[in-house]
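Just dropping this structure here.
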Amino acid sequence: MTTKKVLILMGSDSDLTIMQKAAEALKKFEISFDMHIASAHRTPEKVRLLAKSAREKGYLVIISGAGMAAHLSGVVAAHTTLPVIGVPLASGSFGGSDALLATVQMPPGIPVGCVGVGAPGAYNAGLLAVAIIATSESQLAAKLADYRKELVDKVEEKDAALQRQQ
Amino acid sequence: MTTKKVLILMGSDSDLTIMQKAAEALKKFEISFDMHIASAHRTPEKVRLLAKSAREKGYLVIISGAGMAAHLSGVVAAHTTLPVIGVPLASGSFGGSDALLATVQMPPGIPVGCVGVGAPGAYNAGLLAVAIIATSESQLAAKLADYRKELVDKVEEKDAALQRQQ
Amino acid sequence: MTTKKVLILMGSDSDLTIMQKAAEALKKFEISFDMHIASAHRTPEKVRLLAKSAREKGYLVIISGAGMAAHLSGVVAAHTTLPVIGVPLASGSFGGSDALLATVQMPPGIPVGCVGVGAPGAYNAGLLAVAIIATSESQLAAKLADYRKELVDKVEEKDAALQRQQ
Amino acid sequence: MTTKKVLILMGSDSDLTIMQKAAEALKKFEISFDMHIASAHRTPEKVRLLAKSAREKGYLVIISGAGMAAHLSGVVAAHTTLPVIGVPLASGSFGGSDALLATVQMPPGIPVGCVGVGAPGAYNAGLLAVAIIATSESQLAAKLADYRKELVDKVEEKDAALQRQQ
Amino acid sequence: MTTKKVLILMGSDSDLTIMQKAAEALKKFEISFDMHIASAHRTPEKVRLLAKSAREKGYLVIISGAGMAAHLSGVVAAHTTLPVIGVPLASGSFGGSDALLATVQMPPGIPVGCVGVGAPGAYNAGLLAVAIIATSESQLAAKLADYRKELVDKVEEKDAALQRQQ
Amino acid sequence: MTTKKVLILMGSDSDLTIMQKAAEALKKFEISFDMHIASAHRTPEKVRLLAKSAREKGYLVIISGAGMAAHLSGVVAAHTTLPVIGVPLASGSFGGSDALLATVQMPPGIPVGCVGVGAPGAYNAGLLAVAIIATSESQLAAKLADYRKELVDKVEEKDAALQRQQ
Amino acid sequence: MTTKKVLILMGSDSDLTIMQKAAEALKKFEISFDMHIASAHRTPEKVRLLAKSAREKGYLVIISGAGMAAHLSGVVAAHTTLPVIGVPLASGSFGGSDALLATVQMPPGIPVGCVGVGAPGAYNAGLLAVAIIATSESQLAAKLADYRKELVDKVEEKDAALQRQQ
Amino acid sequence: MTTKKVLILMGSDSDLTIMQKAAEALKKFEISFDMHIASAHRTPEKVRLLAKSAREKGYLVIISGAGMAAHLSGVVAAHTTLPVIGVPLASGSFGGSDALLATVQMPPGIPVGCVGVGAPGAYNAGLLAVAIIATSESQLAAKLADYRKELVDKVEEKDAALQRQQ
């Protein structure tokens, strides 16, 4: 039994740098998480067990990232009814368009919420997990509102710098 | 103040047939919802107000569907910290690939959970909203598990029919 | 225990018309087969069991066809070391390019031999299964050579008709 | 109240190098402009206010550049009836095709004039703004004609160099 | 010498139905226009003369629509310094993506403001021409503002109908 | 007469680095092979003779890799009834999507089993050849099962390292 | 020994309707031709012999049309040094983009002159063959000039009709 | 009046390195040529005059290369009835797919023979021009046959080196 709220899965250790962006977003909001390497193709039993046991272990959301024929998110979603957020990763020569289509085009019945390709998507996957958890934790919603103000402030600072520069 | 849990938005009344698939999924799980036509481009103030007031009105999740340069989900996400599920719709000549990219490729900071293009995506958007709400409603999680069994049964029935047919 | 040589799987009964092209090719060469509907997403346990038991049941080749985020072939390949032939099917709005990428772009370690999208691909999947079985059945190789002659004859007949027509 | 004629907006400070090409074109024709960083997603209120007030502040044209799910131009166009020129920027892994589709595929009613991806597009956005302003300033039209002669001269010089080189 | 304000060109009479959407938008705002069929490839001299003489004939804006390797807008832009709005049309098997790229990806120096593919784009081309002319005609700006209110009203009516229907 | 089991062909010596991944997979399973450079376009007679004589020389499977308008696999398949595994290679500016389509989209009658683009595909081509040969060599099937366990162990090691690292 | 000038090849009788557009263009200029169905994949020997003997039979140009993994033009070009004009045909679900890439992306050394997809391309293939033959037949060049005048006249007629209609 | 046989045009001096591949192929066959920089957009009159006068100046074939919205080949073809070979060049972020579509998708009536993107295409453009000229110069046909033998020899040498290496 975990007390962690989010389970982050990735298909390969080469995905770690990107998927740590999801972890970074969760840490910012002090959301606990576990992170595992588990390939839908090379370790299907591991993925199946992690997905099947996720709800009873107490996780609220699963984030999964994979590249190429990115089956990880769909396979995870097939084995759990928790919300699954899929992160398509760019590897190989199609810039992640293969992973995007393989993650987002799920058949009716088994949903995956897909974010953008690569690092921006991974970070947003973390934020979306926070937003999901915030549906039942009101202080978290307040923190999300504060974060949005930070975003505004950063843009305003950069715009102010641009104005000085002109 | 609403007591509805999900807000469904669509950019045009021509999107209604498809977006009703989201409503259908919610009804199956007895999740209450409101549904509005609100275009990010033609009625930006309406979209802004709907998105900004969504949390205080009590909605837990927003589902938004649009076609072409599908800005609706991103604009909604810009004005709320609720989880936003985007449904790319196929209209015009690119089969929805324009709407998919315009929905899924959000910059870091403002997440949208994107589902597949068109009707399968719309239905899954409803299911994903249910899964999100189920993170804090355990009977709903049980219903989701039952639904998965129904899916299995339907496939098994069709496979059995195929076996008889051979 | 089956005495069938090929296992044909498809993700949905809506794929049946196309996947019967694979069956048609096998019948032409009198190769026995079983055919099942089994969805990687809706019936993951069924797919897993079918794939895991395929070798011991005596199958020599698995043909699997699916559309959209077509994970079926990859999931099957993850659970068997038999040769897996994937058939990407066109459903939804991307003409099967989603299914093609989701089938062909497998990570190193778990191979899928992918054929073309839709009916031509399904028929070729059947022929490729025959060619694989023919690696250890020499009469089958002779039949394949005869089939090629038939193809030549058909083209020659059509060309002759065209010459008469001019 | 500004006396500037063109408002240049960009979604992020990382877009500055490219968007300065638009500024460069304006400077060449001595067209005054203001330039701001304003994200449609992170600072929606800022974008809204900039767009809504643009006409009364005296701007004649708005140029806006953004990458990925590039909603900036569409959101600006939704809040103003001034001509909006959108510049799709290449960031992330799709070479700007996401930004192109998200900028150009506007629904009927809210036009955006989209230019090419990246630096060539940004420079052309500046020139198109000049051409628009020149519809009511005849000396500017004369300057544009001179500029075209410069372009001819530059090509002729390069061609002459090539002839000498052969 | 014309007193017309907009010149609409199209590459083929088969483009007429779509390009009349541009005319429709202009008529709504009582903007006078001429409309010609002129192919960049089959009638290059005609296109050249129409473009070269457009400014002196008094046109303020040129709208040009073409399909496939859509060179019309670029060729027109090469022969005039008036603002050129390009409308990519879908003909043949690529859904207009060929025409889009051939219209939007202009090299630096010769700008084309490209709108969306097909009818929505053609209508928006008319509106963008109105917006350009409105930069020096303030009553026209007022009419554009009214038009936006109409758009809002239409969406509100449709939303109200949807509410009654639920 | 060879006693080799697999024939590896590639269209150019520049493909060698990638195609050696196929050889590497075969070596791991102690499957003998020959490897030749033979271009479908520059040396069509060589390709034809290699393909036509492959079965009588004792090869069981042909692996062929080519880039751009990758005709090699299709031409080989046209001249043999052995199973042909095509490897699309990325050269030039389309990241291998040209080679993928030119390899996978075979017309009905002449099958090619296509793997992913580039190195992962080449390695999988080797593994797929092993799987094909294993349909009649049971010890090879056992080795394939062992290999899968190795894959699991490697992922588990990497996951364990990640757990220590956190 | 033929006295025909152009050899038209197509991969399948289903390509006949489109490829007759090439014949139509040749007939208009009274260029003699032969037309054959010959599949690069199903009848490789036929294609090889037709291509290898084409020059000695007196043909000056070869036009070849095929769909999907369209290898016909490349295979023909591999067996002849006559100019080969390739026509990519749209069959299956990718609208001919597969055939386009498989026809146009030839490796250095073996050129194919590719025209547009489908009927417009097939007609242009005929015209390009005429232009090639006209490099050594001056009356043919005069006829081509006349044909261009016809094209102008047709556009002018249609434009005149449009003017009357307005 | 020139005695040169081929006219090579390119849209920009930045295209020179690639377009010299066409010159290289012509030099190998001792075919005389002129080479000019002439932009369809920046120097439309120059392109028009070069194209219109090409036949009377004695050129037999025109090769033209351009990137992005590559109108050069189509504009040249519009002003001449000589055979035009188009070379799509990769510049900007779409890897030349924009230039490919803008070059190959010509409307019926005005043919362009398009070769592959970039250097391989440019070289093949030169070879195709040689093949066209060879339709009326039999010694050139013999040289082309010799060149093909060279290609075979080179591949054989590389294959022999590979055999020694194994």
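Each chain gets a letter, A, B, C, D, E, F, G and H, in the order it is written, and its residues are counted from 1.
Rule of thumb we're sticking to: contacts are C-beta pairs under 8 Å (C-beta built on N, C-alpha and C of every residue); 3 or more make two chains touch, one makes a residue touch a chain.
In this text, all values refer to a predicted model and were calculated from it rather than measured experimentally.
**Student:** Figure out the least number of contact steps between chain D and chain E, where 1 means they touch directly.
**Tutor:** The fewest touching-chain steps linking chain D to chain E number 1.
**Student:** Could you run down the chains that neighbour chain D and chain F together?
**Tutor:** Both chain D and chain F are touched by A, H, going by the contact rule given at the top.
**Student:** Please tell me whether the contact surfaces of chain B and chain D are same or different in residue numbering, using the over-half criterion.
**Tutor:** Looking at both copies, the contact residues mostly coincide.
**Student:** Using Cα averages as centroids, what's the distance between chain E and chain G in whole Å?
**Tutor:** 34
**Student:** Measuring centre to centre with CA averages, how many angstrom lie between chain A and chain H?
**Tutor:** Those two chain centres are 49 Å apart.
**Student:** For chain B, give me the residues that contact two or more of the other chains.
**Tutor:** In chain B, 12, 39, 42, 68-69, 92, 94-95, 97, 104-107, 109-110, 116-117, 120, 148, 151 touch at least two other chains.
**Student:** Going by the touch rule stated at the top, which chains touch which?
**Tutor:** According to the stated criterion, the contacting chain pairs are A-B, A-C, A-D, A-F, B-C, B-D, B-E, C-F, C-G, D-E, D-H, E-G, E-H, F-G, F-H, G-H.
**Student:** Which stretch or stretches of chain A touch chain D in the complex?
**Tutor:** Spelled out, the residues of chain A in touch with chain D are 90, 95-97, 116-118, 120, 148, 151-152, 154-156, 158-159, 161-163, 166.
**Student:** In the complex formed with chain F, which residues of chain G make contact?
**Tutor:** Within the complex, chain G contacts chain F at residues 11-12, 39-42, 44, 48, 67-71, 74-75, 77-79, 92, 94, 97-98, 101-107, 109-110.
**Student:** How about chain E: which of its residues touch chain G in the complex?
**Tutor:** 12-13, 16, 35-39, 42-43, 45-46, 68-69, 92-95
**Student:** Chain B touches which residues of chain A in the complex?
**Tutor:** Chain A residues touching chain B: 21, 55, 60-61, 81-83, 85, 100, 104-117, 119-121, 123-125, 127-128, 131-136, 141, 144-145, 147-148, 151.
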